[in-house]
Every structure is written in C-alpha cells, then in structure tokens.
Amino acid sequence: LRQGWPEVVYGEGKSAEQCVAVAERLVERSAGFLVTRADSAVRSALVARFPSAVENAVGRTVRLGVRTNGAAATVCVVTAGTTDLPVAEECAETLLACGLRPERVTDVGVAGVHRLLARTASIRQADAVVVIAGMDGALPSVVGGLVAGPVIAVPTSVGYGAAFGGLAPLLTMLNSCAAGVVVVNIDNGFGAAMAAARMLAGRTSDAA
Amino acid sequence: LRQGWPEVVYGEGKSAEQCVAVAERLVERSAGFLVTRADSAVRSALVARFPSAVENAVGRTVRLGVRTNGAAATVCVVTAGTTDLPVAEECAETLLACGLRPERVTDVGVAGVHRLLARTASIRQADAVVVIAGMDGALPSVVGGLVAGPVIAVPTSVGYGAAFGGLAPLLTMLNSCAAGVVVVNIDNGFGAAMAAARMLAGRTSDAA
Amino acid sequence: LRQGWPEVVYGEGKSAEQCVAVAERLVERSAGFLVTRADSAVRSALVARFPSAVENAVGRTVRLGVRTNGAAATVCVVTAGTTDLPVAEECAETLLACGLRPERVTDVGVAGVHRLLARTASIRQADAVVVIAGMDGALPSVVGGLVAGPVIAVPTSVGYGAAFGGLAPLLTMLNSCAAGVVVVNIDNGFGAAMAAARMLAGRTSDAA
Amino acid sequence: LRQGWPEVVYGEGKSAEQCVAVAERLVERSAGFLVTRADSAVRSALVARFPSAVENAVGRTVRLGVRTNGAAATVCVVTAGTTDLPVAEECAETLLACGLRPERVTDVGVAGVHRLLARTASIRQADAVVVIAGMDGALPSVVGGLVAGPVIAVPTSVGYGAAFGGLAPLLTMLNSCAAGVVVVNIDNGFGAAMAAARMLAGRTSDAA
Amino acid sequence: LRQGWPEVVYGEGKSAEQCVAVAERLVERSAGFLVTRADSAVRSALVARFPSAVENAVGRTVRLGVRTNGAAATVCVVTAGTTDLPVAEECAETLLACGLRPERVTDVGVAGVHRLLARTASIRQADAVVVIAGMDGALPSVVGGLVAGPVIAVPTSVGYGAAFGGLAPLLTMLNSCAAGVVVVNIDNGFGAAMAAARMLAGRTSDAA
Amino acid sequence: LRQGWPEVVYGEGKSAEQCVAVAERLVERSAGFLVTRADSAVRSALVARFPSAVENAVGRTVRLGVRTNGAAATVCVVTAGTTDLPVAEECAETLLACGLRPERVTDVGVAGVHRLLARTASIRQADAVVVIAGMDGALPSVVGGLVAGPVIAVPTSVGYGAAFGGLAPLLTMLNSCAAGVVVVNIDNGFGAAMAAARMLAGRTSDAA
Amino acid sequence: LRQGWPEVVYGEGKSAEQCVAVAERLVERSAGFLVTRADSAVRSALVARFPSAVENAVGRTVRLGVRTNGAAATVCVVTAGTTDLPVAEECAETLLACGLRPERVTDVGVAGVHRLLARTASIRQADAVVVIAGMDGALPSVVGGLVAGPVIAVPTSVGYGAAFGGLAPLLTMLNSCAAGVVVVNIDNGFGAAMAAARMLAGRTSDAA
Amino acid sequence: LRQGWPEVVYGEGKSAEQCVAVAERLVERSAGFLVTRADSAVRSALVARFPSAVENAVGRTVRLGVRTNGAAATVCVVTAGTTDLPVAEECAETLLACGLRPERVTDVGVAGVHRLLARTASIRQADAVVVIAGMDGALPSVVGGLVAGPVIAVPTSVGYGAAFGGLAPLLTMLNSCAAGVVVVNIDNGFGAAMAAARMLAGRTSDAA
C-alpha cells in the first residue's frame, strides 16, 4: 500500500539483535532501511553488520540506501534551539530515506526574530518547511507568515515545568495564528518527514 | 504576504454590521471574500447586501467570488458522521475560495469500514484528502493507510462525556498509526483547507 | 465469592520471596496460580520452585495449572502492533487460567486495514474478542463494526508524546463509534480476560 | 453488519422534523426504532406521528416495536441515586429495543451499603448487570464483588466541582478493584445496553 | 497597605445597585474609582449616578478620576488581534486609574511579523510593555526579544478547540524563550496594569 | 504555635547526615522526634545514633519518644490492599507521635465488602477513622456510611494507567457520596494523622 | 445509619413541586429538613408551604427546625472574599441543622493579612474552623498555622481563567503547608459542615 | 539585542566539555558567564578551567565576573521552605550576573505567618521581591499584600501527589488575590531574576 516509500523501523524498546534481524529481512527484500530511535548499542550493531550504512548519532538513526537525486524536492528543516536538533536530524534522515533533500536552518528562535528574518530567502525557496520548536513553540506561527508553501510544525519535549513534556508547544502550534499550519505529534521528526513525502511525492524541486 | 489567497473573515463574535463593513472594504479592494462562523443574522445581512454571494447554512459561511477553474486541483473531504458536516462544509467553502475543488465523501465512519472501502477509488483520485471525525477520531488512520498523498486530519467537538470537546479525537489523530498524517485544531475546517492550499498552490489536478 | 476463578497474584513491587510464599499458600489450598507483572527474578524463582509452572516472558507471567478443556469457549486476542504483545500475552495467560482458549491475531493495525479484513473470519468465530492497541487506539472501532459479539478494548501505554501514557487510546476507545464496545484500564490485559470470563463462565465454545 | 439489532437514532442536535423523517424511513424498512437524547419537542412529534410509540420522558427516548418475549435474558440496571435515573432509563429502553428484559434496582449508593446488600439476590439473578453511578462512582466496585457475571459500569455527569463532568466516576470505574468490570463512556446508557446485547445475543434468561 | 493606588471594584456578578453603592462609598472616602467587568446595565447605572465618570464599553469599565499628569510613565499595550481588545482596554483603564499613560499598539500578531517590527520604536520607548494575545500566545516571545525593559504577558481566552479557554497561550507565555517575560492570569488586563504600577510607581516617563 | 505536637522531619531528599543533625537539635530541645520518608540509609543512621528510636521499615519512619498513655483516644487506620500499607504505617507512626493510639484494619477493599462489614464494630469503636485506598478509592464512601464519627480519606498512588499517580482515588474521595468525609493529599499518611490530632487533641478514648 | 442527623435534600435540578413533596414526607417522619441548592422558585414554594421555615437567599437554602441549644459547640466559618459568601451560608445553615453554632469571620483574604490576624482570637475560640476561599485558596494555610484545632478547607469556584472552576484553590488546599488541614469538594459548604458535625457530635462548646 | 546583559548558558543536558567550550568562547568575547543547571561534573570542569569562577552547589551554577557595585538595586529573594533553596540560589546568582544585589529571606512559609511578618521591613526595603514557594504556593499572595513594589512569584516542583510537579503552586500564583503579582515558569529562578533585571536595569537601590 505504502508503495515507493522506504521501510522505517521504530527502534524504541528493540534490542540490537532484533533491529539487525529486521534490517536483514528488509535488505533481502529491498534496497535499504532506516532505523529510528536507535540507542548507541543498536547503532553500533547495525553499522558493524552493514558497513555502508550511515549513522546519525544526534538523530539516533541508522540509514542504508539513499534515493535522492539532484533534482529532488527540498524541505527546509528549521529549529528554534540546539536542544531541538535530535528531532531535526531524525526528520532529515527520514527525508533522505524518502528521496527528498533536507536543508537545515538552525538556532532561529523567535526571541531573536532578526536572526530568523535573515534566513527568510532560504526558507522560502524550499518546497515545504518543517518547523521544530519546544518551550513556547512560537516559531511555526512566525514562519507560517513568511512563506506561502506547506508548513509542518513539530513540538518537542524540550523544556521543563509548565512545558509539560511538550504539551505547551503542541497547543501553541494547534492554535497557530498563521492559517494552514499543520501539526504532528511531540518529537515526531519522522512523522513530519513522512508528511512532507506525502505532499511532494514525485515532485522535483521548484527551485531546481 | 499571503499573496494570491482570499481574505477570510472570522465571524465569531462579530455583529452583522461589523461583518458587512469588513466585507465592503474587502470588495472595494479585491475580487471577493469568505465569512466563516457566521450566524444566521450575519449570513442574512451579507446576502442582502451582496446578492451574488453564496450562503452555506450548514457550514455557516457566506462567500463572494470563486476562482476555481475546471483544471483546479481536487481535495477530497471525508467525514465520519452527519454531525461532522458543518466542519466539512466550512472546509469545502474555504477550498472553493482558494481555487480548489472539494469532493465530498460522507458517512464513512470506521465502524462500517466496508462503506469506506467502497469509496477508496474516489478518495485516492484526489490531490489531497481532508478527513473529519469526532468521537474516536479513528477515520484518518484508516484513510492514511489507503492513500499515498497528503492526509489532513480535523478533529471535531462532536460527542459527549470523555470526548471532552474534541480532545479525544485530537489525541487520536496526533497518534495516528498511519505515518505522515497531519492535524489541525478542533473544528478547524478552515485551517485544513488553508493547509491544502499551501500544498497545492498553483497545481492543477493530477486527475485532470 | 469469586467461586470457580483462579487466584491471580499481582507481582508488581513484590519480591521473589514474597511471590513464592504466596504461591505456596495457594498451591496448598487449590490447584494452581497465576502471577502477573512478574519481573525475570520473580519468574525464575517461581519456575525453580514449581518446575511444572509455565513462564511467559513476553507477558511477564508464571502460571501453574490449566483448566481448559477442548470444548472451552474461545477468546480472540487481537493486537495492533508488536509493542502491544506484552499486554496480549498477560491477557492470554489469564484466559487460560480461567479455562478459556485464547486465539491470537497480531499486527493488524488499522493503517493497513486489509490485513485486518483478511482475518475477519477468525475473529468472528470467537465467543468474545479482546482488542489491544496503543497510540491512536483505533482498532476496536473497526473490529466492533466487524463482529456482533462482545468486544473488550484495552488501551496500551505504547507510544510517546501526545499518547500521554495511554490516555490517547483510552479516550479513543471510550468514544468508539462502534456501539457496545467496552473498555478496561490502560495495559490491563488481566482485566480484559477477567471480563471475558465473567461473560463466558460455564459456556462451551459456540464454534465447538 | 449489525444484523438483528434495532436502528437507534441519536437525537441530540436533531430537529423534530429530522427525527420524524428518519423514523419514517426506518418504519418503512423494518419493524421499529428507538430515538435517544430526544427533547420534549422531538418526543411529542414522534408520538404524534406514531401513536403506538412509547415515550420515556425520564430517559428522553421514544421507542416503537418491542421484540422481548417472556424467555428473554434479563439485565439488572442498578443506580446509586435518583439523579442517575435518566441514564438508567436510556439504558432500559435500549435493552428493550434489543429484546432484553431490564430489571431496575435504584437508590442503592454505597454510602448505605446495607440497602445494596438487601438487593443482592435480585442482582445475582440477572444475566448481566449494568451499574450506573456519578460522583464517586464507587458502586460498580462493590457490585463487582457481589456477582460473578458481567458487570458494565456507566459513569454519569451527576455531581459538581471535582466531579469534572463525570471524569471522577469514570476514573474510579476504570480502576475498579473488582476484577473484570468493564466501562463505557460518561452518561452512555445506550452503550451499556448495546454491550449487554453483544454478550447476551440469542440467549434466554438463566433465571427462566 | 495598598497606599497610593485606586480602589478597583470587580463588577462580575454584582448588580447595578451593588456597584453604585460601593462606588458611592469610595467617592465619599477618596477621589475616584474604577469598576471592571461591568455589564452594560452596571455601566449605565454608574454613568447616570456619576455623570463625570468615563465609560469604556469595549473594556467593560467605568472610571471616575484620573491622576495621570503629563510626565507620567508610559506603558505600551500591545495586542495580537481585535478579539483581544476588551482585555487591552481593561488594562488601559486600570493604567489610567494608577496614574500611568497607556499607548496602544494593536493588530500586530506574529503571523505578520513585519507589521510588528514596523512598530518596534514605539514599543521600545515605553517604560514597560503589556503584551496581550490569545490562541498561540506567541507575541510576548517576539516582543521580549525586541525590548530590554519589563514585558508583562496576558493570555486571553480568545480562540476555540485546543485553545482550551486560554490554557494554550498561558502555557506558551510561561515557557517564553525570551528571558524575563512575566505572566498574569488569563484575561487579566487589570492584573497586568497593577503589575506595571508596582514596577513604575513614582516614576516619570523615561521618554519624558 | 503548634504547641503540644511533636516535630516531624520530612526526610525526602535529605541525607543521613542532615537528618541526624536535625534530630540531634530536636532531642536537645525536646523529648522526641519523628522522621518520615526516610530511606534505609537515613533510617540506619538515625537508629545507630539514637538506639532507643523505633524504626518502621514499611512506613519508612524513625520515631523517638512516645507520649501515648492507656487512655489515649484511638484512631482506626483502615486499608484496602497490601500496597497501601506504607501510607498506613506512616500514619500510625505519626498518630503515636501525637499521643494517639492507632488500630489497624487491613485488606478490606470494597470488592469483598463482607470482609469490611465483619470489621464494622472495631471501626465504629474508634474516635476517628483514617481510610487509605488507591485505585478506585471507593473504601471511604462505604466506611463513611458505616460510622458516624470523623472519616479522613487518604488516596494513594497505588495502581497504574488511569490511576494517574493517585488522581483517580483523590477525585473519588472528594466526590464521596458519604457526607462529611474529608480528604488529604495523595500518599499523605502524615497529614491524615495530624488531622486526627487536631480533632482529638486532649481527648481520651470514647471507648475507654 | 446516620442517626441523629437531619435529612438534607440536594435541590439542584429538582422542581419546586418535587422539593415540597420530599419536605412534606420528611416533616411527617421527623422534626425538620434542610434543602440546599434551592433556586428562588424552590425557596418561595417551600416557605409558602412551611411558613415557619427559614430562607437563606445568599446560601440558597430553606431550613425547618433547629436543634441548637446555648451550649452547642461552635464552628468558625472564615471567608476570603464576598464572592465566597454563598458557600459560607450553605455551610452555616447546615451547621445549624446539625445543632452546631456558626460564627462568621468574613473578608479576611490573605492579601491583607493584618485583617485576618486581628480576628485570630475569635477564630481560636471555636471548636472547629471551616475556611472558604477561591482563586489562590491560600487562606487555610495561614489559618492552619494560627489554630491548633480542626481546620476544614473548602475551595470555591470563584475566579476566572486559570482558576479552572475551583481546581486552583482545590490543589492549593490539598498541598497546604499547614499540617493536618483537610479538604472537601469545590463549593461544598454542606460537606464541610457535615465534617464538623462528625467531629463535634455530642460535644458542647469548649468556649462554653 | 539583549545589550548589557550577561550570557547565561543553560547547562541541562550539556556535557562538561560542551559547557567549558561555550564558556571559553564567551570569555574571549566578553567579561564573564553564568552556567545554570550544571551538575557537579560540569561545575568541577568549569572551576578547574576558570579558577576565579564562583561555584554555587545548591543553586547548581558557576559564574564568572560580577558587575554589581555598592549602589546596585536590591532584590529580596524570599523562600517558603528549605527545599526551595536551589531555585532561590539560581535566582540569586543570576541577579548577581545582572549587577543586582540579592538579599535572602528564607523559611518564612505562610503556615507560620509571624515569622514572615517579623521580616516585613527587610522585604519592603528591596527594589523588587522574588517569592519562591512550592506545595500550596501561598507565600506570594501574603507578600504581595505587604509590599507595594514589584512581586515576582516562582512556583517550585517541591511536593508530591496533588502538587503535580509544580502545577499546584503555579495555579495558586496565577490566581493570587494580591493584585499585580506576576508569575514565571516552575523552578525558573533564572527567569525571575531576568524579570527583575528588566524592571531595575540602570537603577541604583532606592535604599541606597
């Protein structure tokens, strides 16, 4: 049913052996795999078994096989702070696995809005934008006002106290005053990338 | 900034006079308007003042000016039950205002999954799908597994008790086991349409 | 009062010694026992002491004595994903302890609804169905529309972010659009089996 | 799909005209109907149009056609206080529509536990028990310890303050210390009856 | 104890007679009063009795006596949307009652961030800034990054669905990524002004 | 201010050294002390330093000095299940420290109501009753109907899933259908005892 | 079971006819009654039928028969603000119905702590203290530090925004830093009085 | 933008190496740094690298460079209990980093209000007051009534059960009956100090 998309293994709670076994089965059947939420033991085991696989330690992923060509559509992955990077890297790896090109714009939280505005051109050039923010989760509202294309907001569990594990930015994003911003689950960089893939399937970059 | 999109007036809490005044200002400046969350007094006043405007009583909207041409991209608006229709009609009217073509598939709640499966072909043909459901909010998960394109989920405040005004389907949709489903605010048919417009801007129908 | 049912020991927070002691007391008095939520130390101690006891590592149970005969009523235990298996196995072991026959149908989450439909006949044949799902918790709504008999829904704490430890599927199931679906506590595979036992006490399988 | 069960119309938010129209369509097709959540205007219109229909003002229902015969299985409907009666009557009417016989045991809240114990025999005789309570929602835990058969708990929105519209008794019931008690949505007398119908379909009374 | 500050009467739930009576007692004792949350009946009665009192229909207040002189410190009252105006006007009236000068900057929601930036100079000139926003509540985070002085954030109950009566912007503001932003209760324009008065008591405008 | 009552040290998060130091200061000044929430290291250090002190490992307390005489008022400490015992023992130790006599009635959860009724006489004899329960928290409602004297309800964090760390029994108890039942914080055995001490200060047992 | 206490009718949602009927039945059987949560229609009907009954319009009660004699124990009913008075009067009427003497101390909210301290002697003299507060609910913590006897805290639904219908003061009171303060449901003046009656049954005033 | 303020590094989740690297970069550029939420490994590494840096073990900070002169404005940091000290020390260190003088008033919880009143003069003398409290969070309401200047309330996650990780005191403070009290996030001693810095920037002490 999900034709044309890679198999993504959710590594949370799976042992290194289990992950390697699933990966082997996928490699037999197809061209590649992506394992997300892989702790360092899982990542080491996968890279040892598949030397050509790419480990992303920040994003906690291991990926084998890339289908992205030069004309691939681009997705801008925008983050508010450095603590949001693990979610951004999970997103970027999933985009690559789907044949899309991630472009990162980092550390442009709204409390320093001029840093964000300085990057407006790069953000507008992308075919879709994923905006990742914790705490106040305000960034997608500003970005949504700067670009006309799709904006996918990802709340993160970054923060403490009244952040309530990501509930605060989740509610912020669901109530975004920028019309047409859409939201995925807390920390779900994978889901944001899959949403972009649904939107851009088969498209080459507008910028290309 | 929001170039190419219509002005949409949020009618909630505005009097008939206020809505007519805003509409007049918009008509002076541009080709049309859409007023949402308009009660019957507001709707009557707008239609009286702008006889060519279209009233949608179920969706509680009044719209003036349509930019949709025959080749417009299509958006399938799928609803679980009849109580979800007001949100679906608000969505459909906003799609029309954005130059997109809504196609309605109604009454296909997951408790009668064969009714939904019978409509799979129509749903797959659309360029994007908006899925609207209250109570258990389960419909987007099933639809997300049936189509490869964009799926925008809208929880509704339909239901009682542990539905908690739409919280139940909202959480369901944020946790959809179909990867890449995106979510907007409870009852936000307008926002779902704007999200589709962000995705499909400038595109003609794949089906065309 | 609870005549005819086995004693079930809730192992959470009990030491291996405490569990063995309780089990010994039960064996003196009756034919068997079931210990649930038993960590591996508890399970090892019980199996060492009662060599004929059956350990279920996935379900985290140890059981001694089965009263199920060939004509026992059957309960279909349906799960959405592999992470739901511990709850399913706790349920299956409790069913066995109550003299009922569990039949497992696994990995039929609603995002791949055709996999579920392929199993419809097996599910319909059972005298009762237990449906176990985390994340969106959508599976009981679909199953409830496929079968006419009792459907007992068990939300699991599988998931992250807006799953809120099982709250999301719990609310989904309480609001199921399939009429007459009933719900037990999050991760309560034991409770679902006991509910089935209340319904099927003294009955032989309809399928028999 | 739901073969053998009556059509039940959810009257909330429907006009008298809409309800009569739906009822007419059902009567053309089948032997009867049940309209729930019907306000007095809806009820009057239905009774005027179908003089043989039965109005239940407390339960806010109108029902046409009963299939219950003398040997029907019985369901005991137990309530804690008088304010729980509307939910109990909705349940009783739905039971009748499903061919089951309701037996009412009222005003047996746990703060006067001897009043409840005095009714133990009647409660045990039924084929299933529906227990309806608001506020502390404690009644199903006590009843669940008194009977071996199915116990379906219904929290009600009766109460104020920390009852939070039924959340308090809902949580109580999900955490019932009586094993195997199952729960439906707040105020969902209809759902409790349908659950009983799923359990007792085709059975004659044990007591008969 | 609260020396130097005006008496502010909370009009919610008080009748016109009660409010006039309290106002009369205050006028006997002192130079003026402010009644907040006054519905139109209360406002009419107060203005009829005290013809020199000032009614603010949007802010739902009536005020008698102003102590503001030309050199008063200024407080910039910034609002995201027009629906936030009642809270802003309650705030402005309370500022006036405390001898401070309100300066309004309206309709500068973050989805159109350039409109906000165009007003930066005016906002920076004030001795303190009150920022009022509903829905995503993102505005204080951006303003907090633009000014070095005190920023008092007021969430409003504007919005629907997952705004949860102001909970969403409240959490956003408590988690503001702009350091040192402080928060008051939902819709509490009065409290924000009193906070400014605590900060600026006895100060003349920096801009003066 | 709190004349006549012992000093109670809250051991949570304090080191063994800190606890011994505080205890030494108290012993210098007065006749005794009670340390609650003391882990085993803290308890060992206290008992080593004050050999006549009494350790209660289940209740996680160390107490020095008892003022209870034979005529002391009695407080019945009733628990639903064995997992509630730590809270009950913390309560009993605090009662002793306040010169009251605890009488324990354990394992009388409402799912086996006859076990509770068999103890009615003992419960009624006490001058006050503390009722401790987790999960459904139903026990105080039944006890409140059996005795005419003070009933202090303590919810515990025992349970999982929808128990939400004690929220479920807390809400149950606040909504008790037995009039005049009062509630303290989750797991607060100490607070319940202090409440009893406030009620019974200077009284000898009614039973005496 | 509840020997010696008056029958209290909960008037919420009952018609004037229903309340009069219940009252007549009670008068036949006993010496009196108390109806709480009685709207003005119910109160008028009761007073018309029972001319010697006492109406309390603020407390929304009607009471017939008082058993208080001169030596009755006294309960001090302390309130933070004028909006808390309805709950205080419901409490006072219930105290009278139970043969206890209420003494009111009003308008002593903690933001003006010296007003409260000026009343310390009166508060200490009572046999028990009921403390009623909304919004921050801080008053019981201060009162609990001033008196050694029983303190019963009642949160009220007074306030707006983050008061969440009384949730804020409820949580405050459950977490009171004054040991041994007990809590009843939001707005439950009746329950606080019944708690006092449980504590003081059969006692004459200490002050007497 | 944030001219004149020190760089503050949020140490949570950063390694010792990362923190030292950031600190080195800051020291190259400017006169100093403050690292907050630094565990003991981070603190040791920073002090080893910058021997003149000041470690605050309770506050979990390391600070290099103080700009406070004798005439600096003062901020009184008031705490309810000893468990609130980590937040107070984080606040004090941030104040010092901003050139303000902290004055500590500790252990003045409202359950012993006379201890607090004995410190009134010291508290009133400060240019601003930060009030830190967990559990009931009542202290800011009392302090807010004692002083006319700015009061910044900080809820802490101290407590258990219904404290819900600081939610209880957060709500208390947002609903403070003392007008003009402002609130920051749970445990956010840093934010409270930055708020004071926004208010007092460039001011010398009123007391000076």
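Quick notes on this structure:
Should a chain be cited, it is by its letter among A, B, C, D, E, F, G and H, assigned in written order, with residues numbered from 1 in that chain.
The rule is short, and it goes like this: a contact is a pair of C-beta atoms (placed from the backbone, for glycine too) under 8 Å apart; a residue touches a chain by one contact, two chains touch by 3 or more.
All of these numbers come straight from a predicted model, not from anything done at the bench.
Note on connectivity: the fewest steps through touching chains from subunit C to subunit F is 1. Separation between the centroids of subunit E and subunit H, computed from CA atoms only, is 27 Å. Per-chain Cα centroids separate subunit B from subunit D by 36 Å.
Measuring from the averaged C-alpha position of subunit D to that of subunit F gives a distance of 41 Å.
Residues of subunit B in contact with two or more other chains: 1, 112, 145-146, 161-163, 167, 170, 174-175, 179, 185-186. A list of each chain pair in contact follows: A-B, A-C, A-E, A-H, B-C, B-D, B-E, C-D, C-F, D-F, D-G, E-G, E-H, F-G, F-H, G-H. On the side of subunit A, the complex with subunit B involves touching residues 1-5, 8, 128, 145-146, 148-152, 170, 174-175, 179-185, 190-191, 193-199, 201.
Residues of subunit D that touch subunit B in their complex: 1, 12-13, 155, 157, 165-167, 170, 185-188. Partner subunit D is touched in their complex by these residues of subunit F: 80-81, 109-113, 117, 135-138, 141-142, 144-146, 159, 161-164, 167-169, 171-179. Residues of subunit C that touch subunit A in their complex: 83, 112, 114, 160-163.
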